[in-house]
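Here the structure is laid out as structure tokens; the discussion comes afterwards.
Every chain is named by a letter (A, B and C) in the order it is written, and numbering of its residues begins at 1.
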Amino acid sequence: MAQTFTPRGHGAAHPPTSLGLDMRKLGMWAFLGSESLFFATLITNFFVNRSSERADYCNGLTYADLAIGLTSVGAFILLMSSLTMVLALAALRDGNRRMYRTWIVSTALLGTSFLCIQIYEFTEFALHGKGMSSNNFGAAFFALTGFHGTHVLIGVIWLFSLLFLRVGHNVKRPLEYVVGGQAGLRTHREPTDGGAGIPVELCGLYWHFVDLVWVFIFTLIYLLPMDDPCGEAHEALSAVSHLTVL
Amino acid sequence: MATTTRAPELAAHAYPESESGIWSWVTTVDHKRIGILYLVTAFAFFIGGGIEALIMRLQLAGPDGQLTAGDTFNQLFTMHGTSMIFLAIMPLNASFFNFLIPLMIGARDVAYPRLNAFSYWLFLFGGLYLNASFIGGAPDVGWFAYAPLTESGYAPTKGVEFWIVGLAILGLASIISSLNFIVTILNMRAPGLTFRRLPVFVWMTLITSFLIVFAFPPFTVATILLFFDRLLGSQFFIQTAGGGGDPVLWQHMFWFFGHPEVYILILPAMGIVSEVLPTFARKPLFGYTAVVFSGLSIGFLGFTVWAHHMFVVGLGALPNAVFAASTMLIAIPTGVKVLNWSATLYEGSISLKTPFYFAVGFLVLFTIGGLSGMMHASPPVDAQQSDSYWIVAHLHYVLFGGALMGFFAGMYYWIPKMSGRILNEKLGQLHFWSMFIGMNVTFGPMHVLGNDGMPRRIYTFPSDQGWDEWNLVATIGSFVIAVSILVFMYNVFISLVRGKKAEADPWDGQTLEWSIPSPPPVYNFAAIPVVGSNRPHWDAKYGGAPEQPEPEEGGIHMPPPSYWPVVVAFTLSMAAVGLLYSYPLAAIGVIATIAGAFAWAKEPVDIPSDGSNGQPH
Amino acid sequence: MSAGTEGEHTSRGAGVSRQPAPHHKHPPYVTVAVWLLIVTIAEVIWALLPINDLIMVPILLIMMALKALGVVGWYMHLKSDSRVFTYLASGPFLISVGLIIVLFTLFGGFAERFF
């Protein structure tokens, strides 16, 4: 008989997982570990270049240009989007698909407004000639926050795409049961989430991770104090600095 | 047994239908086929890297060589190092991971079969992308691409861009496939196969996968920052009178990846040897727990030693001392392993087959390489040896004598399982001896050359340095290696055509893959085995195995093939090409990738409606 | 890794603590959000006060860590989920922190910048 992958019927039993955990969630957490080192390296790069002693420091973006007020609004928006994200998952688990969709759309829109703030910020800096090539403080800042922004963008696309994917359609069944359990062997558990709502939870994990990175970035870039010998010169820097004061 | 009925909700979807021929390979998600694809592709890149090495050895055969001009030589050693590491050894290891891990843990496939195919296609396109750089000038900055040599002022061709983007693609492929293996090993073990019973090869795969997942992101970031330097005019890794950054930062970021990378290359070989030696000594592995924990501590310590590559940078006495100490610490778990392998042989009833020769070859050559490594773990000694041929000798003893010897041990051991044919024993031993001798004749003299002060990466040398003889010897040795590889290829060819048919268990193996036919059926195990010790197949043959389940009625549930992995890998590579040559093309590539990913997600996978399947993608 | 070994034997497998729908008792998401907001406001005010760096910086880092714990523990469910996920996340996190601190030190961060 030709070897074949054809048996696709649902009659066969499916091997339970060894840890009793969902494959996708396990993979997502391992992936987030990888992402953690990605951002750690960018943060390292920012710290190494976070110095006002370099000769070209005053040529570009400086510490005084960073707008705490505007960024605090951004941080607030991202935190709120994390809240709406967990509420979306909770609504899905409760079987309330209308609220689920509402919360997902709110999360995506909050993410979009965060992106708008960041685009505005970057544009303002660029218009004042403070770009990647002006000085390394700015370059490291753009690299770190830019990659965070890219992650937010991917998250927003992912969130919107959830609306078009069929998720959580079998959520209202009892979730836990045990199979296997031969004498002397460890009991194997079926993945207890049963796949329902997992796509949303995965997107949520990613989204919260992106929020988490912003928690670190917010403190490490914007709040940690730093001497800025040329801060005074930029007092007139348009709307960005108007928002500097809360 | 096969019934072709399809669940109603899947029937409407257009799946690839062919079960043989080229499309069945392009759309396959079967881990065994993907493993073979990895093997063939990586071996082709290995041959390419070997040819580059031979040209270099010809150039250096005598003083004042005229074969390749300086710049070509630079491209050759850069591409040789990059290819051998990223396109040969890593994917050769990945081919064993793919083929063997599900078999060894009693699973029917990996956790995410489609992502697995995606990793392979990304690897293939990334490798082609990197090698396409030869057209306009390959990267010529060394495989560790030290700044500021890589900045646009010093490396004006697009070679460095090819290197950056190519390695980003390859890194993505490696990370995805490693995530796959992590989840597979953690979550898809057969009943009873606890962590204390995992075969050592599976353990080493798990550790290697974690190393890849943690070590590649810093490298990717470093290369992206370098890309910004070249493209957008930032100055992360270049220092100018007006300010700028610090070239040493590149070295830190690179070696923070680069040293774990060394263990990424060698740990799988250690796993292979830990499977081969007990089988041919007909004894259980001596000190299983010690070997596993040594592997874990090597993996962990691998992240704490990177600056020993930078002893001559001038970090200062204290950092040098700290990194020297942590480097020397690694000798302890490595020594434990060598001891355990040797003790496995002690009083064993040894069966002298080709895999065993290669495994012992690994043991000997890797120990030599480890000892020379210990010497330059000391900063004062390293100050003498750094950037000399001594380093070339050391790294080839651990990577050629270590990783590749282990790989060939695995080839002779597992090709019968992959193909159903046993490789010719006589040719195998000819291969071993020619390779073993050629290897020592090539790289042994480099110790002497290094001590005599011959620097790495020079494309020619005058005749009054006293380096002539040993260089000639090394060149002769390199051609002996080339002959040995030809013997191997001939052996594979002749054996696959008319070699001895392999039974399910030709070597009296101890792990689960030997309990199923050679080559294995698509579904691997008719019934998922129940494991009672870390030598399940010996238990099955010689008593002590727990009661095994009967195969189930109703067919076996396997993931269907898919077009999307190759499509998305292609669109992503298209974006990478566009990044260097045409931004509209890059934009099209990105949009097509997003669309492809969405189609991928929409493709119905065979999750039963009760949602209890743990293998969704 | 060893993380998995231990996680395997823990009594808290995935979802054991998660009751079947629809009688789902959700963690106090809104309360956590309020706390996150309060800490964020405190952070900003604290950062704008004229205080010596030696006091300012550690407190800022502590507040940052508190917020991070809130997000990871409740929003990412690590507090109630299987411990395997906690192990999977903490390994790379520790390596990340190590990387940042070691390079910060090697590039003279402690010598020149803050102190």
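One rule holds for everything that comes next: contacts are C-beta pairs under 8 Å (C-beta built on N, C-alpha and C of every residue); 3 or more make two chains touch, one makes a residue touch a chain.
Keep in mind it's a predicted model, so treat the numbers as computed, not measured.
Farthest from chain B in terms of Cα centroid separation is C. By C-beta contact pairs, the most connected chain pair is A-B.
For the pair chain A and chain B, the distance between C-alpha centroids works out to 31 Å. Mean C-alpha position of chain A lies 14 Å from that of chain C. A straight line joining the Cα centres of chain B and chain C is 34 Å long.
The set of chain A residues that touch two or more partner chains comprises 18-19, 21-22, 26, 30, 33-34, 37, 40-41, 44, 48, 173, 186, 191.
Those residues of chain B in touch with two or more other chains are numbered 186, 194, 213-214, 218, 246, 249, 256. For chain C, the set of residues touching two or more other chains reads 4, 8, 84, 91-92, 95, 99, 103, 107. Those residues of chain A that touch chain B in the shared complex are 1-19, 21-24, 26-27, 30-31, 33-35, 37-38, 40-42, 44-45, 48-49, 54-57, 59, 131-133, 135-136, 139-140, 143, 157, 161, 164-165, 170, 173, 180, 182, 184-186, 188, 190-191, 194-196, 198. The touching residues of chain A, counted against chain C in their complex, run 18-22, 25-26, 29-30, 32-34, 36-37, 39-41, 43-44, 47-48, 50-51, 53, 68, 72, 75-76, 79-80, 82-83, 85-87, 90, 93-95, 171-176, 186, 189, 191-193, 204-205, 208-209, 211-212, 215-216, 218-220, 222-226, 246. The residues of chain C lying in touch with chain B in their complex are 1-2, 4-5, 8, 84, 91-92, 95, 98-99, 103, 106-107. Against chain A, the residues of chain B that register as touching in their complex are 1-7, 10, 19, 30, 107-108, 111-112, 175, 179-180, 182-183, 186-189, 191-194, 213-218, 220-222, 224-225, 228, 232-236, 241-246, 249, 253, 256, 521-522, 528, 530, 532, 546-547, 552-561, 594, 598, 601-602, 606-617. Here chain B touches chain C in the complex through residues 186, 194-196, 206-207, 210, 213-214, 218, 246, 249, 252, 256, 296, 303-304, 307, 315, 319, going by the rule given at the top.
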